[in-house]
Amino acid sequence: MLILSSITKAFGGLQVLQNINLAIPEQRIFGLIGPNGAGKTTLFNITTGLLAPTSGNIEFFGHSLTGLAPHQIVRLGIARTFQNIRIFKDMSVIENVMVAMVRQARYSALRVLVPPALLGAQCVERSEARSLLARVGLAAKAGILAGSLSYGEQRRLEIARALATRPKFLLLDEPTAGMNGTEKHQLMEDILKMAESGLSLLIIEHDMRFIMGICQEIAVLNFGQLIAQGTPEAIRANPEVVEAYLGNESDGVIMFAK
Amino acid sequence: MEWLETFWATYSTLVLSVGTNVLLALSIYLTLACGLLTVANAAFMGIGAYAAALLSLHGSLPFYLSLTLGALLPAMVAAMLGPPTLRLSGVYLAMATLAFGEIVRITLLNTENLTGGALGLNGIPQYTRWFDVFAIVVGALYVLVRFAGSRIGRTMIAIRQDEVATELMGHNVRAYKLYAFTLGAGLAGLAGGLNAHFTFFISPNEYGFDRGVEILAMGVLGGTGSPWGAVIGGILITLLPELLRSLGDYRPLLNGVILILIILYSPNGIWDLKRLIRSRHPVPVS
Amino acid sequence: MLAQQLVNAISLGGVYALFALGFTLIFGVLNVVNLAHGAIFMLGAYSALQAVLLFKLPLTVAILAAMIVTAAAGWLLDYFIFAPLRARQAPHLAPMIATIGLAISLTSTIQGMFGAENLRFPVHGLAAETLQVGGVQITALELQIIFLAFLLMTVLLWWLMHTRMGCALRAVAESRKAAAILGINVEGLFRLTSMIAASLGGVAGVLIALYTNAVFPQMGQPMLHKGIAVVILGGMGDIRGALLGGFFLGCAEVFSVAYIGSTMRDAVAFGLLFTILLLRPEGLFGKAAQRRA
């Protein structure tokens, strides 16, 4: 359960988020949409601890996230991907995933000094990394330099990497950007599978078909304010939402067509 | 064995220099591997040297004890200096460490009662034996090689490439940087103590900008790929001026040219030269 | 007495500002920390000195010669070091390390050529008369320094604000890609900036050499550190910051020497630098210095 209470964020005089109240239950695929500049990524940044809210509080399974450093929040079980992909281009695909495996095989620096112990633990890491890659369809490319993957593959790698932290909550920031139809379809299936295995997801997206297709609930942000929240059908029919995207006197309902 | 004795008589200083320089190179490798450009290691070396020397001279402490304490002091200074300075990014960090190095040097110059000021410290007992240097180098190398091949090494590479993404993978990036910085300072201090106890004379100017650049050159030459690179960097930077005997005053020139050439043609250090020769592929700069 | 110190502070500060201006220009436009700026400063001093000693040129011409030599150095610096690194999109540390290498090489070469001792400008080349202005004694030298420093600053600022090329330069400093799309010759401007910055550093070198009557190979180093302190105080890449910071440091140094003592004079700059970095790294006018998302 992720609860955002009265989250407000201002950069100097600029109000980026105003009094956001959001309660995201477990095992749900939740969508977050809104025009560019609405504050969606800022909300992600605040949730993952990269930015501090000007006021307001976030609770995650009863834990208050206020004042926690990003790595502590990750260890509590929240993972994210980025709008502009931030994989480690000069490391191999499998190493990218292995870096994220903090919660497994917790041993101290001192144990590292002893070779045999190290060998055992690394094998576990490597095999788990491999299975994660298989989940996103990148198993065959494990040894390749991450920078040489295609754009869509890099996005999938980012997701695998986020999954490696064993999150309870996954935040995806525009995961379908740059993907073609087939890849998007595949991603929809992957996300549904993740949800089935107990993962909750919060997805920022601009592709309406995608988001309407998989989300059980959607929240709409505009100019830093939550203007609507509900099922996909309710959102689609909401005149304020339509206005936010298309302005008044719209005739272009294309975006919302099935 | 006579051959060995004559060899040692002529080259002991050189061999010991190689040893301490390798230690210094390892100390900066550690920080460079985390993406930190610090030029403070010369200052840490100076702190360690003076601490160890003073303890031996005035405290009459056994060698290993003054050596250890001499390494602990710069490590503690680094631990205090780290939290406020390490949150600075690239350029600002480099300049903060530059400023710190100068402050240390000026302090050493201005505390004549304790450190002898510009005249330096003389008569430091020559305790350092080759096996001291050898053992410490081997020990440090072992630890660092083990780190490099483990998840710690992987995390350091990740930090170097993208700190924010690494933090979001659950790693306490600030802690990693602080450990690297502190451990590096300790190694540099150790090198300083060892060095002081065989040159038997030290002065503040030995630990200034020129030394800092030399250490940087070793680190850059060796590259951040592996601790072995630091070993090569340390060896080459120590031996090259000896091989080119006529250099004398021009030794800094050599260091400078090496830095420029490496940055321009083989930014990841000397390992890349091998790769360049073999594959003729463009060098990805990490 | 205060007024006297103020005059010293202004002349010293003016030179610091000139030096810092060059340094901050390169950071603001090329986004590079040029740690060879101190060596170029030193090069300027030596060039002027040789112009006067070897070629018997008058001082004003010597200063011009210094500007030309250092501008050429700036051109070479960009052509051989900055441009290739730009093309390769090397990380920020790369040009920094390369310029450290250049600084050391340059210093070492000059030391090998001219020795490590302190050289001096011939006395008759300096205007040693003093003037009395409102109860304050200024040497003609100080007057000339102040005049030259202010002249150069004014010319540069005017050029930046009121000419097309200056405007283009500011555009490049804001956004290299946007400027390129608008048809601005970005590479050419980078080279020009490097040249201008270098010649500013070179002039500062001559002026300091005259002021302190000392020319020696290592003179660039403490200057570089002070330049860094000034630029950090004023904000990296900000011109107003460089100017204000330069005068501030000049005042701080002069007054600390007058009231505390001269041994820790150099430490003033470092102490300042360190404190600022800890408290407010972006200085007065700069952009954020710490890591963000």
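Observations on the structure shown:
Just so it is clear, A, B and C label the chains in written order, and each chain counts residues from 1 on its own.
By our rule, a contact is a pair of C-beta atoms (placed from the backbone, for glycine too) under 8 Å apart; a residue touches a chain by one contact, two chains touch by 3 or more.
The shown structure was predicted, so the numbers you read here are calculated from the model rather than taken from an experiment.
Ranked by how close its mean Cα position lies to the mean of all protein Cα atoms, the top chain is B. Distance between Cα centroids is largest for the pairing of chain A with C. The distance from the centre of chain B to the centre of chain C, with each centre set as the mean of the Cα atoms, comes to 30 Å. The centroid of the Cα atoms in chain A and the matching centroid in chain B are 41 Å apart. Between chain A and chain C, the centres computed from C-alpha atoms are 48 Å apart.
The set of chain B residues touching two or more other chains comprises 164.
Touching two or more other chains at once are residues 293 of chain C. Residues of chain A in contact with two or more other chains: 50.
Here chain A touches chain B in the complex through residues 48, 50, 69-71, 74-75, 79-80, 82, 86-91, 95, 98-103, 109, 112-113, 115, 118, 122, 125, 147, 161, 164-165, going by the rule given at the top. Looking at the complex, you find that chain C touches chain B at residues 33, 81, 84-85, 88-98, 100-109, 111-112, 221, 225, 228-229, 232, 236, 263-264, 266-267, 270-271, 273-274, 277-278, 281, 289-291, 293. Those residues of chain B that touch chain A in the shared complex are 142-143, 146-147, 149-152, 154-155, 157-158, 161-162, 164-174, 284, 286.
Residue ranges on chain B touching chain C, taken from their complex, read 37, 84-85, 87-92, 94-96, 98-100, 102-103, 106, 110, 163-164, 209-210, 213, 216-217, 220, 249-253, 255-260, 263-264, 267, 285.
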